[in-house]
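Residue numbering begins at 1 within each chain, and the chains themselves are lettered A, B, C and D in the order written.
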Amino acid sequence: MPKLITLKKAISEFVNDGDAVYAAGFTHLIPFAAGHEIIRQGRKNLTLARATPDLIYDQMVAAGCARKVIFSYMGNPGVGSLRIVRAAIEKGELEWEEYSHFGMITRLQAGASGLPFLPMNQTGATDLEKSNLQIKRIPDPYGGKDVIVVPALNPDVAIVHVQRADKNGNAQLWGIIGEQKEAAFAAREVILTAEEIVDESVIRSDPNRTMIPGIVVSAVCHVPFASHPSYSQGYYDRDNEFYLAWDKISESRESVRKYLDEWVYGVKDRSAYWKKLGEKTHKRLKVKARYSERINYGQY
Amino acid sequence: MPKLITLKKAISEFVNDGDAVYAAGFTHLIPFAAGHEIIRQGRKNLTLARATPDLIYDQMVAAGCARKVIFSYMGNPGVGSLRIVRAAIEKGELEWEEYSHFGMITRLQAGASGLPFLPMNQTGATDLEKSNLQIKRIPDPYGGKDVIVVPALNPDVAIVHVQRADKNGNAQLWGIIGEQKEAAFAAREVILTAEEIVDESVIRSDPNRTMIPGIVVSAVCHVPFASHPSYSQGYYDRDNEFYLAWDKISESRESVRKYLDEWVYGVKDRSAYWKKLGEKTHKRLKVKARYSERINYGQY
Amino acid sequence: MPELKYSSAELMIVNAARLLKDGDVVFVGVGQPNLACNLAKRTHAPNLVMIYEAGVIGAEPERLPLSIGDPTLVSGALSVVSMYDIFANYLQRGNVDVGFMGGAQIDRYGNINATVIGGYEHPKVRLPGSGGSQEIAAWANRCYIMTPHQKRRFPEKVEFMTSAGFMGGGSDRENAGLRGGGMVGVVTDIGMMAPDKTGEMLLTALHPGKTVEEAKTNTGWDLKVAGQVKVTEPITKKELKILQEELDPTGIYLKGAA
Amino acid sequence: MPELKYSSAELMIVNAARLLKDGDVVFVGVGQPNLACNLAKRTHAPNLVMIYEAGVIGAEPERLPLSIGDPTLVSGALSVVSMYDIFANYLQRGNVDVGFMGGAQIDRYGNINATVIGGYEHPKVRLPGSGGSQEIAAWANRCYIMTPHQKRRFPEKVEFMTSAGFMGGGSDRENAGLRGGGMVGVVTDIGMMAPDKTGEMLLTALHPGKTVEEAKTNTGWDLKVAGQVKVTEPITKKELKILQEELDPTGIYLKGAA
């Protein structure tokens, strides 16, 4: 049943103060447009979970949306430190809960599959286990070594950006597929943003490609370029220049405030943001086509 | 590194008497050609694991290859009883170990991911748990209900039929993808049969479609029509007439022996088998094309 | 108006179809449940989403599927996923509204036996086993079964509990930590059953022309009758036409009783 | 023959590349490890399979990847899978031969700190944390690290063990049930280290022109020297040319030390 609404409406309807939010996407398809909309709507006290907080959570923390972060690698990918989250933690202004990547993703996988927890093999690196009491160990009932367990993560809201979806929220994504599927199944509400809204027949032409079914989706929003400065494989490139620029911007509260005023509060929506980026940037991020070989499902 | 050899050589090299074998494929892509080659080579005392033993294990049990079956649904799919396996169990001639589908697949998933076990939620149906001591229950360390656990299944050999693979064993399959990936990662040795051996560039044109990487594959064999009377999505249809015919054939030892003599021992390989099926059958199983929409990965 | 002629199978399929709500996500097997779902989709429930244990979501089969893994379920489906995912992310996670069950026996508390007759270790009759039904019964929001009304199919207590209904009755199901409402409807060729508060199956409806006596005689326990036994709506010409002309024109699943 | 000029980074990258064997499956990060792998692939190890924690297998990047999730890693790769699969089916299952590690500190027993300096609850410096390195260190067959040889980077004992090398030494690693050989090689700009039987890192090689004294002075523990300290083979013109002209023409990762 159609779930196509504006991103503004989706955030207003499905993201509440105090919610646990998982904005999915490992480096790829990071849902920046939704993050900015959450900032614009002034949400507070969110728990922000992501394997890599990335710039999206740095900006949301800077804007005062967050009470807590849950993460497994807190850096500006390929650049260096994630200054705002890092400073907030060092100053004791932000709660945090930390895992390894596999610990974080295993929590989501447990959440996605309706299990209370999932096991992982031991890694010998016990300092994190001592610091985070959510990480436990239990005996192997078959007589092997103890295993490490982590509890399910079931966010209130998952936000997932995809290349294409139909109006009912059946979504296909490709390239790096990180933890989008797991986040969508783990969460209570799922907000999708999509580069393209396609006819259901496009989705049905390649069912093995559909990673998120409409039945778990609360809202689907047509938001081209939603992942800039991250990227959408096949649609536009990662804006590495901006990742480098953020390293400078995030050095002072003042320049961050200025950035948010100009690029988040100062624009109505993603379409205005993209226009404001200008043609030079559009051109720089443009990507030439490279198509997959099609496959034959057969007419049965 | 190239692993392309004949199926005869692959079975001879990688399947030994007494091995635990998992011939993968839920109704779809069942590797009948490999099953027949195992029969021809006279392997004995195998433990045959499959969610649905299907005709392939009925035939292998009839031919005397098996000591034990591990399964979760023992029927002739869409037809009725799986007469030979059933009779062997009723007469006490065959060991067996039984799970629900989810229990079986969870065992493979644990094996694929290198874990000693994985949990499932309780189902209340405790009779199987009482009958199979491999199924245990452990407390939820986070205070919820006990969970059920099953141990990893790590077969000696997995046999997987795919639509296309390159000569290094990088394989793409589509349609019903059952437990092929899990079986391949769980097993020590992996034998692939493929409808088509394609250039590596075809595989690389759509990396998200590659479910089995060459690095876990021991041998890849070019065997068109390897899954008849099962099917290969997009290549040929399921031979439902044969599934019905087997219901009759398997009524007596004599007719089974005659079938094996004619269709397994009496043919050299799958190519001879397919030829012997004849043009009328080829025509009946032919399928019209229905292609996926291509996707754009971009030239980065 | 001349009376419509239909088989027991058609009677059950039509009444099962009517139990489905528009928008339901249904975990469905081949055969009669598949016909019931497709009938509902073509009548009152156009937004029904059909899921198959083979990993297919939103199937729109162009021909009658003859096995649970029929390729016609895949071509044109919304999504196809692995078996682990279908059981974990869909069923265990609670994303399935309705499950259709099969089985050789169903007992007073809606428990199902699809495993053995005559002892597990040395079975007299070895049945196929659980397949996915252990999990469907435990985790779907509502479960239904269609089965001819025969005493041997409705014993007081199943010999082997392949799939849990209300187990021993009372709060057994809740205590075991299962989700969903369990076996909430049984459709037979005589009428319909549904559980009371303790989970015991009561006769709740009769098909036109059938009697309470017939139902009692063909049930293996002392079948109680709900306060008000309804009579099911007669099968319509339209329903029969869709079944016979569109869905199963050669009558593979429509003839006879099961 | 005029002596070749190269940076510390180039020296480390070339020596790291030489540690890779043809056919190795390498779990690799961006930056210097990526260059080392690509160099090996273009010289002695054409069948190297590069895996990235973002889920990419068999990447053949056409441009220099600038982040662990660069789209150039995906286009033309052999396979792209979910993060759960890459960690579970590849790393935890034991399908990875080599892991390249990073980190702020590495200690006497090859343990790595990439989490905090100055206490976990109230850190003086909050570092990025584990990412995938906790699992790479535990489950790859062989691990390597490249790092400039500085005392602060080589403390006697890490403040926080983000990733296990040989833990407290002896049979600690085995007892904890880890797989693989652990931290089997450290490449610095002075030389190379490798563990003895107890897991203690010894100086095993020096780059041309470097001395044992330099290595000892720049190590935070009493660095023992292996029975025979080798001198690494000089960098060749070909290696430097591939690095500078093909792999990192603008010198993003080749300049300086780390």
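We adopt the following convention: a contact is a pair of C-beta atoms (placed from the backbone, for glycine too) under 8 Å apart; a residue touches a chain by one contact, two chains touch by 3 or more.
The structure presented is a predicted model; accordingly, all values stated were derived computationally and were not measured.
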{"item": "Least step count from chain C to chain D, where 1 means the two chains touch", "value": "2"}
{"item": "Between B-D and A-D, the pair joined by more C-beta contacts", "value": "A-D"}
{"item": "Identity of the chain that, by mean CA position, is farthest from chain A", "value": "C"}
{"item": "Where chain B and chain C are represented by their mean Cα positions, the distance between them in whole Å", "value": "29"}
{"item": "Centre distance in Å when chain B and chain D are each reduced to the mean of their C-alpha atoms", "value": "40"}
{"item": "For chain A paired with chain B, centre-to-centre distance based on mean C-alpha positions, whole Å", "value": "37"}
{"item": "Where chain C touches two or more other chains at once, by residue number", "value": "56, 70-71, 74-76, 80, 88, 92, 139"}
{"item": "Junction residues of chain B - those touching two or more other chains", "value": "114-115, 120-121, 144-145, 174-175, 177, 181, 205, 208, 233, 237, 287, 290, 297-300"}
{"item": "Contact graph of the chains (line, ring, star, complete, other)", "value": "other"}
{"item": "Chain-to-chain touches, reported pairwise for every pair that qualifies", "value": "A-B, A-C, A-D, B-C, B-D"}
{"item": "In the complex, chain A residues that touch chain C", "value": "1, 112-115, 170, 181, 185, 200, 203-205, 207-208, 210-211, 213-216, 297-300"}
{"item": "Sites on chain D touched by chain A in the complex", "value": "30-31, 53-56, 66-71, 73-76, 80-84, 87-88, 91-92, 111, 115, 120-126, 128-135, 137-139, 160-164, 167, 172-173, 176-179"}
{"item": "Chain C residues touching chain A - in the complex, by the definition given at the top", "value": "23, 25, 47, 49, 56-58, 60, 62-63, 70-72, 74-80, 88-89, 92-95, 139"}
{"item": "Touching residues (chain side chain B, partner chain A) in the complex", "value": "114-121, 136, 138, 140-142, 144-145, 147, 149, 151, 163, 172, 174-175, 177, 202, 205-206, 208-209, 233-235, 237, 287-300"}
{"item": "Touching residues (chain side chain A, partner chain D) in the complex", "value": "26-28, 51-52, 71-75, 77-78, 81-82, 86, 89-90, 92, 98-103, 105-106, 108-109, 120-128, 131, 144-146, 174-179, 181-182, 231, 233, 237-238, 240, 243, 287, 290"}
